[in-house]
Structure formats: C-alpha cells, structure tokens
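The same chain A turns up in both complexes below, where it pairs with chain B and then with chain C.
For the complex of A and B:
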C-alpha cells in the first residue's frame, strides 16, 4: 500500500526528530513542519549557525543527548521534507494551514504526528509584567540562543527542576545569581525521593545542581512566596516571604515559572478528546501507550501531549512513528515489536519519575486564594484578578470559556498561553469548585497571530468577530 | 534618585552579553538613534542590549520587554518606522532596520 500523502510531523524537537528518524528507517519520507529556524526544539535549541560555543558549553550534562538528537536530524535531512520557520496555524478537513515567511499555504495529510512541545507554566505575582521579568524558559533561551543573561544580578523563582538547572547554567556562564527562591519546601523533596528514584541518573543530576549552587555560595530558599517586584520601569529588586517573614532581595532581573504546560492547541483544533490529568493539573489530549489520539491518523508525542521531559519525548516520538507505520499497512518486524515494547517500558518508568517530581515541586495550590484583586492576570490586555472575580460574581459564570466571552481573559494575542492556568485557578477558587470543573479553554485558529495581509478573508472575519 | 541613577534606570541595557561577542556587527536605528547589534541577534536582543523597553502597552502604557522569548506570549511585537510589526524574539536583526520602542507615543 502506498499512502496518498506523506506523514506529517509538527515540531522538530526530540519527539519530532525521533519520529521522523523511525519513519525514514522504514522507507517513508515525512514532512517536518517547525516554527524554529533550526531543529532541536526548546530543550536542544541551537544558536544561529555561526555561533562558536561548544555543545558541552550549551547543554552541559545533556550535550551528548543534544548532539545525538541534532545528529539524528542531520542524518535524515536528505530523506525528509524539512520546513523550518513554518507555523501551523490551523487544521481543517485533512489539511494544515501554514505560514512561512509571511505567506500562507496548506498541506494535506492522512497521518499526523503532533509534537508541539511546551512552554513555562506561569502564575502571576505583583509586578510580573515589569521589564526584566522573564519566564525560566525565556531566561534559558536568552543564554543558549543569544549568549545573553537577562540581567546582571538574576533571581530565579518558582518551582520545578528547571529552576535549579537554569540557575546552574547562568552561574556557570558567568552571570551573577542573586538567589534561587523555590515555592516548594525541602520536605516536599524528601517525601518525593521514592518516586524520583525511578530515574536515578536524573535524580543525581538534580541533586548535583543544588549541591553545586550551594558550594558556590548561591543562596537557596524553600517555602517561598513572592510578594512584589520592586521598580516601575525595570526590575530593581524582589520582595518575598517565607515562614520567617518578609525579605527584600536586590536583583535586576527575575526568571520565574512553575514547571511546564503542554502546547495543546493543535491537538484541540484537530478534535482530539481531552481528559483532566490530576498529576499535571491540566487538560491533556488522550493517547494510548503508543501515542494514538482519539482521532484516527493523529498521533501525539513529547511534552505537547503531557509533560514527561526530553528523554521521554524521544521515546514517545519513536513509539508514535512505529504505531503510525503499523496502522498504515507496515507489518511490524520482530525487531519493531521488541523496540516498541522497550520504548513503552521506558515511558512507564518515566511516568513513575514524574509522579515523584510533582511531589517534589508541587503546584502552589494556595496561589488563587492569595492573589489580590489588583494583580494583572492577562498581560495581553491587562485584565486583573479582580475583573475575573467580579465577572464571575455578577454573571454567575462558572465555566472558563464563558468567563472568556464575558471579560476577554484568554482572548488576547497569546490565546491564553500565559493566563489560562491562572484564570482557571481563580475561577475555581471563587466559585468553590475543583479546577477540573471549570472546563478547558478551547483552542482556536489562528493558533498564533498571523499578519492580516496573509490571512484568508474568512479568518479575518472570525478574528474581527472575536475582537 | 540622582540624575545618573534615573538615567540608568530608564535607559541602561536589560540584557547582558556573556559570550559570542566576536560576531560581525549590524547597524540599525532605535528611535532614530544609530545602534549596532551583532549578526545572529534577534531584534529583541539587539534592542535590549541598548535599552530596557521594546514597546509600551496599548492599555496602560506600561513598558514591556518581552517575556517568554520563544514565540508564545506575543508580548514582544515591535514596530518599524515603516509600520511593519515584528515579533522581536523570533526575528533576526537586519542591517538598516529602523525600529521604534514607541517612546513618545505612550499614552
């Protein structure tokens, strides 16, 4: 059987690249669509081609892994239709709508592997829109992709393994780390040890970063609550509190985040069924152990389908490709079957480890109760927590899409990427319901803003109606 | 605050280069002033190694300087003198670009 269309992969991070490699190995020639100019995703993002730093400098302990993923892409480059700088902004009727260098086009598909990755999970705090405050991932992009620090004295705030990794990377690169402020408590991390032991190498790396930071005199605090960014036109410091009281930290930049959130908009527009994942406190597209979504022909892999980390993304990408092959008439060889079983076993181990991580770096469940009415929740349109609470109280809205229609939260240019987590928490708290009961902010085309000049007229009409 | 401190607060660069400084330079203008970036800089990097603002919001007029650096938050759109809009974190600086931070047009 010769399929009519080549398989299409969205995303050229670890999941997308390993998926492509498996397809090429079995004689297929996939199309790879990626927003970035170079392959690698966010975790193995490559700087512009003429930059000089070594992979060891850029990726540290992950250098061999990054090199292997980049190498896999280099090996298959003549056997794939690789389209960098290409945004997938809509999916409809078996076609993806694309934007490349200001021009729209579309591509038909029969099988699609969605490997759209993740961004930082953000919970606002007073002053978070001040110049000099970036996400943790953003702080890392500045360093890896542009060889810049986000400031001269950088504080890192929030929770999750990235917090310590990025602080370490900054200090190693010669930046001054003002402090690392973790909203989780040390006790959380001790309680999580049994789960974390499922992946001893990753646990060891995490402990190494903490030990290294301490040994280099960098202050680490746990059980922290951010109070206020100091400075109006730029960061001049940070007020924070812990069990001992309030403190002021001198710094001129802040990187913050609370682990990651999946980029699920494309899966949503494709019609994939979602379920609430209690561990990640997020709505995620359903998938079987091989990565099949609820929509025939659509496969999900990597952090875009649920946060499991870069190594698991590689395994899930390859596993999804094997599923795609066997679903499209390729009879799996004995080696394919054994490989698929091995990948599933590795992914199961990762799931145990992630359970440990969520215990070690718990979501700050008290955040919504502590948020003040003045706090800006939507940085696109400066909608406040108070706006949300008043709208819910006066209209009786209990569902997040209803709240969006009434007060525009989640309707701005970022389409809720930065505010949806927080808005759902506020709505759940002020209506006295668990967060899974306020619903899921629906994805809409265009998935990201596209220039008006390149939009087909019916999309412009939709955008104007939404505005 | 002394005049010097005030000038620093408003205008000193936000980003600090740590490496890769041997690249060829790229000339552009920022609010009419001649500036120099490096080949491979994004518009965001080029602007924020000269100042501390990319734009002022259309709602409160507050300064913004990007946030996610990876094309998700859409907070770093800047305008050129010709009225073109660029997402600063994912657009590379090009020689002759005439960029505006919106200074003076803030409400």
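For the complex of A and C:
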C-alpha cells in the first residue's frame, strides 16, 4: 500500500460509481475495474451502445435513478481510470490480478473499495435444469441488455421484491406473464408492513407493481410450492401447489429466484473477517457503519457486502469513499461530516426496511426438508440432494468444504455461486444443525475461470533468468 | 471435562500415514487412539496432486514404494472405495537429450526393483501421445504407475481405521505431551488425556515441533505445491504426466478435469497455504507448452497445501533417537501419497515387532542428529533432483 498507488474500486454498479464520484470530488483519481462492458452494474445494466430503447422502457420507475447513476459516471469519466471488461480474479500482496481481453495483468492499489454486487439466490426445484428455466436476474439481463424475453409465456417463481419487479418489466415490455408464484404467503407481507414502512417510497413502489400486475389480469399466487417443471427438452409448463391443492400452469419459460446472494469471494481472498448474518442467512464480510472491513485499506459497499438494494448501494459507496478519504489524510470538511452522518442515517433506515423485506419474503425454511433425493443441486457436477445426504451419512461430514471435497458439490465452473446456498441448507438439515454451523465455501482463485492462454509470457522468462 | 484413556498406541496426525498406521495396528489387534488437529486427510494427504507413482523416486525408497504398490492394488478391499485409483501409467517426459540420458540412467539404476520402465523416443511419443507439445522429445513410461483422488482416498483410510476400531478424534489440538514412567502422556484441548506405550509422530509439516519436544531437531521446512484444475474436458489422457527435472505434472481425472501441479505458493498462516500469482502463471504457461490443446481451456480453481521437506528430500521414518517408543513418519517432500500406506504398515510393524520388514535405515532421524549424513550418498543421479530453479523448490508433489 504505497501512497503512489491509486485507490481502486472493483465494480461499476451504483456503489462503485458513487464511491468513485466522491473520490473524484475530493481530488482523487480512482481506478474503476468492472467486468461489464458498460457501467451501471446489474441493476442499471446498459444495453450495447447502438441499442435504441429508452431508459424509461428499460428501467421503468428506476429510469430516473438509472439516469442519475449513469450520469454520475459520465461526469467523472475523464477523472477516473475506468477499465470495463475487466475481471478481478485474484488478490495477493496489495495487488489485484486482472483478466482483460484474454490477458492477465496485475494492478497495485493503495486502498480498495470492493463493490462486487450479487447474484440470484437459487433454491433448486424438480426440473430446474430444463432449457427455458432462468434465474430472475438472468431473465432481467436478457431484457435489459439484449432486449429479449426468455419466452413468450413466462412464469415467475420464488420470492422477493425482484419477483414482482421483473414480472412487471416483462409485462411492460410486451411478454405474456403466465403467473407470478410467490413462496411467501400474503400473511407474511402483512406482518412485515411495519418494517417496510421505514421506506414508504419503496413500499409504495412494490405495492404499485402488485396492483399494476393485478390490474393487467396477471394472476399472483402466494404460499406456493413448486412441484415440477413440465416438458423434457424444453419448458412446457409448471406444476405447483398451494393450500388449495395442486395446479398446472402452461408456460414456455420460467424465471425463478429467492432474493439475492452477495458476491463475497474477493473479500474472502483479501482476508476480510466474516460473520454470519441471521437476517440474510449468509456469511458476510464484517464492516463498520462506514464500510471499513476488518482489513485496513479495504472497504466494502453495496450488495456484495450484504443485500441492501440499489439505493442503499449508492449511499454505502459514497460513505465508504468518505471513510477512505478520512483514513488517508483528508480532513473531513463540515459538509463531509454532515454528509457522512446523513448517509449513515439513510443506511440505518434501509436496514430496518430490509428487516421488513425478509419478513415479507421469508426464505422458504422448509425447502431442505422437502427436497427429494433426485433433485440436482449442483448442475456443474451433477450432484443430487441424495448424493449430499448419502455423503454426509457415510462420511460424517458436517462442514461444507469437507462435503465439497468428498462429493464434488461446488467444484464446478460456477465454484458454488449457484449451489452453495442450497447445499449448505441440505447439509444443515440432514445433520440437524443450524446453517451457520456448516460454514461457508472458501474463496479460491480464480474468482471466475481464466484461460490458460491468458498468462503473460514474460513472467516465466523473467523467473528463469532470475533462477 | 477430563477423559483419561489408556491405549497401546497414540498417533498424532490423521493424514494418510497416521491413518494407515492406525488401520494396520488395529489389524494386529493393538488399541489405537489417533488425534488430528483438523479433519483427517484434509491437509497434504487430501489436497496433493494425486500421483501414485514409483518412477522418479530415489533408490533408497524402492523397497518401500514397491510395498506400497501392492497395497494400492488392494485399495478397495482396504478402504472400501476405489478412490478413483487408476493404474494408467506414469510418463516422465524429457525436454532435451540430457534429460533423455538421465531417464536412461534412472532406468538402469532401478532395473533390479522391477518398475518395468519403457523408454520412448520422439517418434514413439508423437505416435502414442499426439496431444503432447513439441517441447517433449522423449520419455520414460512406467505402465503400472497411476493416479487417484487424494481427497477421497485419504479420508477413507481414516474411516477404515475407525471401522476397524481405532478411536479417532478430529478437531483435537494437542496441548502437552511427554514421556515418563512406563510410556507417553498426551493432553488435548478437548480435555482428553492419553497414556500410551507408543507414540507415532505422523504430523506432516507440523511434525518437527513434536520431534523437538523430545529433543530431536530436524531441519525441516514447509513448502506449498500449487495445484490448478480445469473445467471437465473430453478425455484425452489417461496417464499421469511428469517432466524430468520437475516443474509441472498433470493428470486427467475420470470426470474429465485436468489436475495440474507445479511451482510453489505461500503460507497464509501456520495452517493454511495459497497459490501465488506467479505460481499460477507458471502453471498456466508450462501446461500450454506441454499440452498445447489446453490453450483455450480454463482453470476453474487453484489450491495449495503445507508439506514438510528435509534437505535431502527423504522422509524421516523409524524410531526416535532419544525416546524409546516414539516413532516418526513425516517429511515426505511432496511425495508421500503413494508410499504413505506402506509407511503406515512399517510403523505398525515397528510397534509390534520392533523391526520393519522393509528397509528403512536411510530414513533414520539420526542422519540429522549424528555427525555424518549418509542418505544423500546413496541417491541416484539427477533423475529425481529438483532442477527448476536455484532456490529450494519441491517439484515432486504426488
């Protein structure tokens, strides 16, 4: 961490962009590394430059916010070292390892803001690997980035606010939404109202989507349990059940997900300390109210450090940048201090709101008990629920990394992004322990796969000479 | 909560050596308690490359490696799973005429031991293994060597030992140990207290500290071989691949993933190790030189482990020079996976009979404590010497 190195921000979503903006405002020139070709993150993902659709059609209500975030990035573009299409795949000794255009390289950082975002939290159900089944996030990417729908008769399944937002976006974009099937019950949402009232605007938006969907004749069901995807080579429908019994729904695509999970691998490789978050039912890197991790010089912001949503990501990004500045010799002005306090207050409100959301869209706690032995958990390695249960029973494995070593779950291309949540739930359930006690999959480089041909040829030569 | 145990043998370390010793001792009818600070077979024994090879070993290891070879032949019977063990052949490649000459010399030296090595010239190599890069100009094939999955095999040894009646305590940290009266005492943080006639030091890279407690200093250092694995690929290689002079080794698992090892990582703390970026880079580059078809494949995961190395790269196996009843089995220099089960049997024989039926004199701990080291003199010439750099560099992780 030498002073001549710049601060580096990983991720150009709402958190990363607002962090960069705050740094630029205070005279710093950060490096922004982002895997995507254009800034905005998943939530404000931009289509390729030549696509013509307006922000209003792409983002709906979020158009103004998307505009503001994209605008903030446009404003600072000449004052940052922005590197799109750049994957951070490892960290070691104050440097990040990058993959850009098929080549690896390293970059040293003085401080680091980790804003790595989130992916869908996946809980498999019978038939989920049938072509035509997508995650909710995947369904949204198809729409925002490529202006494609995943099908012409789409069912949305799972739980969380994203379920209704994406159904709304699909319907607005002209796709037929066959139904929205929520595993949460209406009662959950009513019980959650006091918490949700912490952010009335977001609550109103959520209710608007529901009302809009109903008004447009789209059926919404709560308390749902998915039973089976119909169709062998392609989605032809979905069997599901609720308190009234079993039902069949015709559809040609399914988007599903159970809220989001944080992308914490980089924080893990950086050595950040983790703690179990009972609300999010996940191991998350520790951070203080300003976003400082347990590792000096490493700051955490946005959904990558714990799911708080896009607005909170903007606030957390800016707050982390202010913390970075005050930790590195910048004496905060009165305005900075006031701003920091304001951001912290907004984040605290969001935390209350998230508590409400988790009550409104609870994790389906009975999922592990109901999962059948034949259900595929890890699609990379084709590992079933039964494989996990048998391995745990015959080997006595009680910890998720051990289970991985013994039966390959989480060993495939996605490195547990898709399967770790579900595998942990199964292991916890079949060994009769709380899910935090089965631990978390260790982060291992590369964070995402890297090609053999990516290595710079000069490294070997230099080392041979040195030897 | 204090629990006192009397046992014939206490074993520290649940790697492949300690657990196979436990299994062998139980088969002899002796009582065994094994203490493992983490999980059995989860360190070097479980995260190594998975080579099950005799080729490349020093001459003094030949009797031991041959004994291990026959144990591996009965693996399924012994541990209840096949462990993905394949006698697929081990091919050691030459990159130059000098390499070829040293492979030839190795073949002659090892002739009496029956490894059945076959030398392959450039054209035979191209014909049989068309996927090899131009860098390989010849090789030496050991048809009955092979590879296995260490993360399955090593924990299975522990389970087999437990089924045979060994008492195994995982997540159990030894806090105190010593020799007094009729035997040993060992205390652990769990409250467990063992009293035993014999103590087996099978603690891998951490075994030096135990030897030290009994007044025996060994010049062991830790190093961290780096492994990388690809996504599953179409099967193109069944054998395990090594290179004369070291630097890289590769095999393809039945699932199709290529496991590639080489270079060294770094210690994260006393227990954990990680691949360094330079090591990963080297593995990527050397893989492509050796197997150009991998050029467009991806590595999806890397890892490392902590392994003990003595200056002569031979292990310490046998009785303590200071304390009767203390037996050592450690320091395998990244090559303990294949011989581990044989070492376990040897340690069990030493407990029961006081002698080993397989020669182990070369591995005595006294070579570091007595004035004249003798082992290095009997080692064969460069065939299994590390040559990839001037610094200390383990290259033969199995």
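Methods note: the second predicted complex is superposed on the first by the 452 of 467 C-alpha atoms of A that agree within 3 Å, B and C clash if a C-alpha of one lies under 4 Å from a C-alpha of the other, contacts with A are read in each partner's own complex, and residues count from 1 in each chain.
The criterion applied here is as follows: a residue touches a chain if its C-beta (ideal position, glycine included) is under 8 Å from a C-beta of that chain, and two chains touch if they have at least 3 such contacts.
Given the structure is predicted, the values throughout are model-derived calculations rather than measurements.
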Touching partner for A:42 - first (chain B), second (chain C), both, neither: first
Chain B versus chain C as contact partner of A:395, first or second or both or neither: second
Partner chain in contact with A:90 - chain B first, chain C second, else both or neither: second
Touching partner for A:449 - first (chain B), second (chain C), both, neither: both
First (chain B), second (chain C), both or neither touched by A:413: both
Chain touching more of chain A, residue-wise (chain B, chain C): B
Chain B versus chain C as contact partner of A:428, first or second or both or neither: neither
Contacts of A:405 with chain B and chain C, given as first, second, both or neither: second
Contacts on chain A seen with chain B and repeated with chain C across the two complexes: 381, 412-413, 449, 451
In the complex with chain B, residue positions of chain A that touch it: 35, 42, 47-48, 50-53, 57, 119-120, 129, 131-135, 137-139, 141-143, 145-152, 173-175, 231, 233-234, 236, 253, 263, 379-382, 412-414, 417-418, 448-449, 451
Contact footprint of chain A on chain B as seen in their complex: 9-10, 14-23, 39-42, 45, 49, 52-53, 57, 59-60, 62-75, 77, 85, 89-90, 92
Chain A to chain C touching residues, read off their complex: 90, 92, 95, 97, 104, 106, 381, 395-396, 399, 402, 405-406, 408, 411-413, 415, 444-446, 449-457, 459-460, 463, 466-467
Residues of chain C touching chain A in the complex: 39, 42, 46, 151-152, 155, 159, 231-232, 255, 274-278, 280-282, 284-288, 294-303, 388-391
